[in-house]
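Each of the next two complexes has chain A plus one other chain: chain B in the first, chain C in the second.
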Partner chain A sequence: MLKFERWLEVYGPSYLDGLGWTAVVALVAAVAAIAWGTALLAVRLQGGRWGGRAVDAYVQLLRNIPVLVPIYIIYFGFPLIGLVWPAVVCGGLALVLQNGAYISEIFRGAYQAIDHVQFDSAKSIGLSHWHTFRKVTMPQVIVYSLPALGNQVVLLLKDTSLLSAITVAELTMHAKLLTEQTGAAYEAFVVVAVLYLALVGVFEVAFGLAGRAVRWP
Partner chain B sequence: MTSWPMFVSTVTLLARGALVSLWLAAASTAAGTVLAVLLMAPAFSRIGLGRSAYRVFVWVVRGTPVLVQALLIFYALPALDLQTGPYIAGVIVLTLYLGALIAEVIRGGVLAIPRPQWDSARSLGLPPIALLRRVVAPLVIRYSLPAYVNVCVMAVKASSVLSIISVWELTFAAREIIERTLAVFSVLGLAAGFYFVMCFGIDRLGRRVEARLALRGFAGGRA
Partner chain C sequence: MRSTLRRLAGSLAVLVLLLSTLATAVAQEKSRLDIVLERGKLIVAALSPTPPFAFTDDKGQLVGFDIDIAHLVAEALFKDPSKVEFVVVNSEGRWPAIESGRADMGVGGTTTYPDRAIRVAFTRPFIDSGISILVTKKSGIKSLADLNNEKNTVANLNNPQMADRAKKFFPKAKVLTFDTPSAEFLAVQSGRANALQIDTAVAEYFANTSKDQFDVLPQMLTPSQNNGIFMKPGDFKWWLFLDTTVGELRSGSWYPKYVEVYQKWFGKNPPPQKFYVPQ
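Let's turn to the complex of A and B:
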């Protein structure tokens, strides 16, 4: 067994690198997934009957397949149609597409909690559809859905570990590499598990604080 | 996929993979349910240490990716001199993961039981076993069913992660075929179709059971 200082000196930078990638990918993908979920909600609300049906079909499809499938479809398939993207972009896109579907459902639930009198009021003061969506609907949707959104972002964060299957050098990948180098699998993955717990904790605290900051009386 | 025989052999292989996925999900959901019921003892224990231990277990399992748990157990079992092979390791991984999720579902169901139910059961002087069997269990099953069905769907989806620790199931089969044929979209599209049928089917089946079990005045049933 190595002494802890020595261990930290030798393997610390590798874990830190992986942790950084995981955090950045999770953060960027979360922001993009929230944007995509918002777009899907907008289509559901304003896209007429066929827009609503298309969003329904999309959400049902993505909710009923494991993330690994879209990850592989994009990573292995896109180069065949001439789109050669870095693995992290392919994997990130898959995470955004799937989590966006879940988030649009969360948003839909929150939308239904808004009192419909507000939309009549918005119409009566002459707000356009777009303005109503931006100034009336979305601010409340975001506030109502913060707790569920926090859960979803934590799920997304954990799913970034699957990108190790397509060669992205995030936290889980680094643990795999260190395992192959040192043979100390068990230790490597315990450390990684602790780092994930810490990262999940950071996200949970952030969403908790956000929830407290925006709550209105 | 350029020819008919190739299409047939692809679909056959994927169907076999789908069966393995379903089997893995079913076995670990069953074992996870047993684990979850056993976990209710510490979860509702009068001893604080029991409750804390339960909370820590759930927190660790829900706070780390399944893949990390899978790799940890996959590598740790041989280190403990347990030669199991990927299938057993896979079922153990999913059992622990689903067990923690189901435990939270059941705990939520128990907490949803209205107070008067407890009071009336007690006032009847029901012995503990009868209380659990006649009052608690029927209500918990009905309150927890929607969330439980969700976990069952998650079980099928989570089983795909086991392909990374070399468990041969649907996702693994799809990758295997892609490596030989390069027919990425059609093969993964078919695999997605198999997953969709399984997950959607479980969801629909769950809703039917919910409707069948609905009780007047309680979860799912109109008052």
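Let's turn to the complex of A and C:
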């Protein structure tokens, strides 16, 4: 029934392009989302009452809508106001906006785990707000939040599949095209499942190594 | 690290187990015709929205020419056109919907192609169709020759036939690939694309509903195509029933019912099926 060997022989190599797009989009979006999450945390900590409220509102909004909605709004909506960006940019931006919101919350949790005596100490040795954030807060925030951050990056990786709705030629899109071409949905998507698993494996191992590297004695 | 790898190996094992159960579950002898009659209800996969073939109207009801054809099939089965349940699918979701047995048959602007017929069974056509290009008036495109230009972007559906026609008729234009006709149309409305490729009837419907914005190019990419009911291949009894029903609708005892439905959606009589049948 499922002639997998033949399937892999004929269509196997064609998956590589899609795999490449998925990996690159996930990697770039993950780095950008972590940067955006850091920026949101900085505004929350240093931006005063209104900065904190603005970040709160932003996080609530982005956390509570499915990411497909911002993807559609940016891809189909922005051209109406004259902003025609490539599909992969639109999709990547939507992923960064939402995952940045989640990551800023992860960072906030990690921030609260830091002993606040440290901030008094930082002040007493004359560190500025910015220096404290950069040299005292963030290094510890990153270390404390690594496991949760790893999870979030895996979620982001899987959400890249939604970019197939807006013409990005990533892994899921490739499987959709193969299904249309051959009618073989099981074969097409089983290979995709295995490839996503492998990619998630790579990311998890990378985060595992990072976690080991920064672990305190 | 080792635990990560072990967990992944575990999930792979579960996947393989799942697949082997699937493969054995596929073996099935009984004809779908008997299953449908016993169930007392026909389940139809409908590619929607593909107006005027299949789409959701203002009241949230699934309507269209192909939907009415499905109701007529239900009437043939149960003497009751209402005994149908529709499963809405997207472009590439059509084939697994019938192959998995979720739906008994499928409709929705679906063209019969020889290369499709390897994996899917089709009845004889229940309507003639063709493929046309819808362009925005703003684009100033008047012909296929105008369309073949680097500055144009054409929205396609994700089937290989669309990609082949793009290579043949407008190789210089950029191409975007979507999984529903409505996403194609959205791309043209939002200015992402200035043309789209779709069944002629669907193109005309889009052009008529938003007048002054769109034109359908006079030259067709394929002037003669057949849209049929599609189903899982290998079930002769079920295929024969559906093919006979379509044959009777199109040029036989149920022709008056067919004319009525055709009139409702296209405002004209169907092209003559037999030279001695008066128009």
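We adopt the following convention: the second predicted complex is superposed on the first by the 206 of 217 C-alpha atoms of A that agree within 3 Å, B and C clash if a C-alpha of one lies under 4 Å from a C-alpha of the other, contacts with A are read in each partner's own complex, and residues count from 1 in each chain.
Basically, a contact is a pair of C-beta atoms (placed from the backbone, for glycine too) under 8 Å apart; a residue touches a chain by one contact, two chains touch by 3 or more.
Predicted, not measured: the structure shown is a model, and the values here were computed from it.
Visitor: Looking at the superposed three-chain arrangement on chain A, would you call chain B and chain C a clash or a fit?
Guide: clash
Visitor: Of the partners chain B and chain C, which touch A:196 in the superposed model: first, second, both, neither?
Guide: first
Visitor: May I ask you to decide whether A:208 touches chain B, chain C, both, or neither, giving the answer as first, second, both or neither?
Guide: So A:208 only meets chain C here.
Visitor: Quick check for you: in the superposed arrangement, does A:61 touch first (chain B), second (chain C), both or neither?
Guide: A:61: touches chain B, not chain C.
Visitor: One more residue to check, A:176. First (chain B), second (chain C), both or neither?
Guide: A:176 sits against chain B and chain C alike.
Visitor: Touching A:185, do we find chain B (first), chain C (second), both, or neither?
Guide: A:185 sits against chain B and chain C alike.
Visitor: Per the contact definition in the header, classify A:158: touching chain B only (first), chain C only (second), both, or neither.
Guide: first
Visitor: I'd like to know which partner A:33 touches here: chain B for first, chain C for second, both or neither.
Guide: In the superposed model, A:33 contacts neither chain B nor chain C.
Visitor: Tell me which partner A:73 touches in the superposition: chain B (first), chain C (second), both or neither.
Guide: In the superposition, A:73 touches chain B alone.
Visitor: Indicate the residue numbers of chain A shared between its chain B interface and its chain C interface, in ascending order.
Guide: 76-77, 80, 164-165, 176, 179, 185-186, 190, 193, 197, 200-201
Visitor: Considering the complex alone, what residue numbers of chain C touch chain A?
Guide: Counting only chain C, the residues touching chain A are 1, 4-5, 8, 11-12, 15, 19, 22-23, 26, 91-92, 95-96, 99-100, 116, 118-120, 158-160, 176-179, 183, 186-187, 190-192.
Visitor: What residues on chain A touch chain C, complex-wise?
Guide: Against chain C, chain A makes touches at 1-2, 75-77, 79-80, 84, 87, 164-165, 167, 173, 176-177, 179-186, 190, 193-194, 197-198, 200-201, 204-205, 208-209.
Visitor: Within their complex, state which residues of chain B touch chain A.
Guide: It is residues 59-60, 63-69, 71-72, 75-76, 79, 153, 156-161, 163-164, 171, 174-175, 178, 182, 184-185, 188-189, 191-192, 195-196, 199-200, 203 of chain B that touch chain A.
Visitor: Provide the residue numbers of chain A that touch chain B in the complex, in ascending order.
Guide: Residues in contact with chain B: 60-61, 63-69, 72-73, 76-77, 80, 154, 158-162, 164-165, 172, 175-176, 179, 185-186, 189-190, 192-193, 196-197, 200-201.
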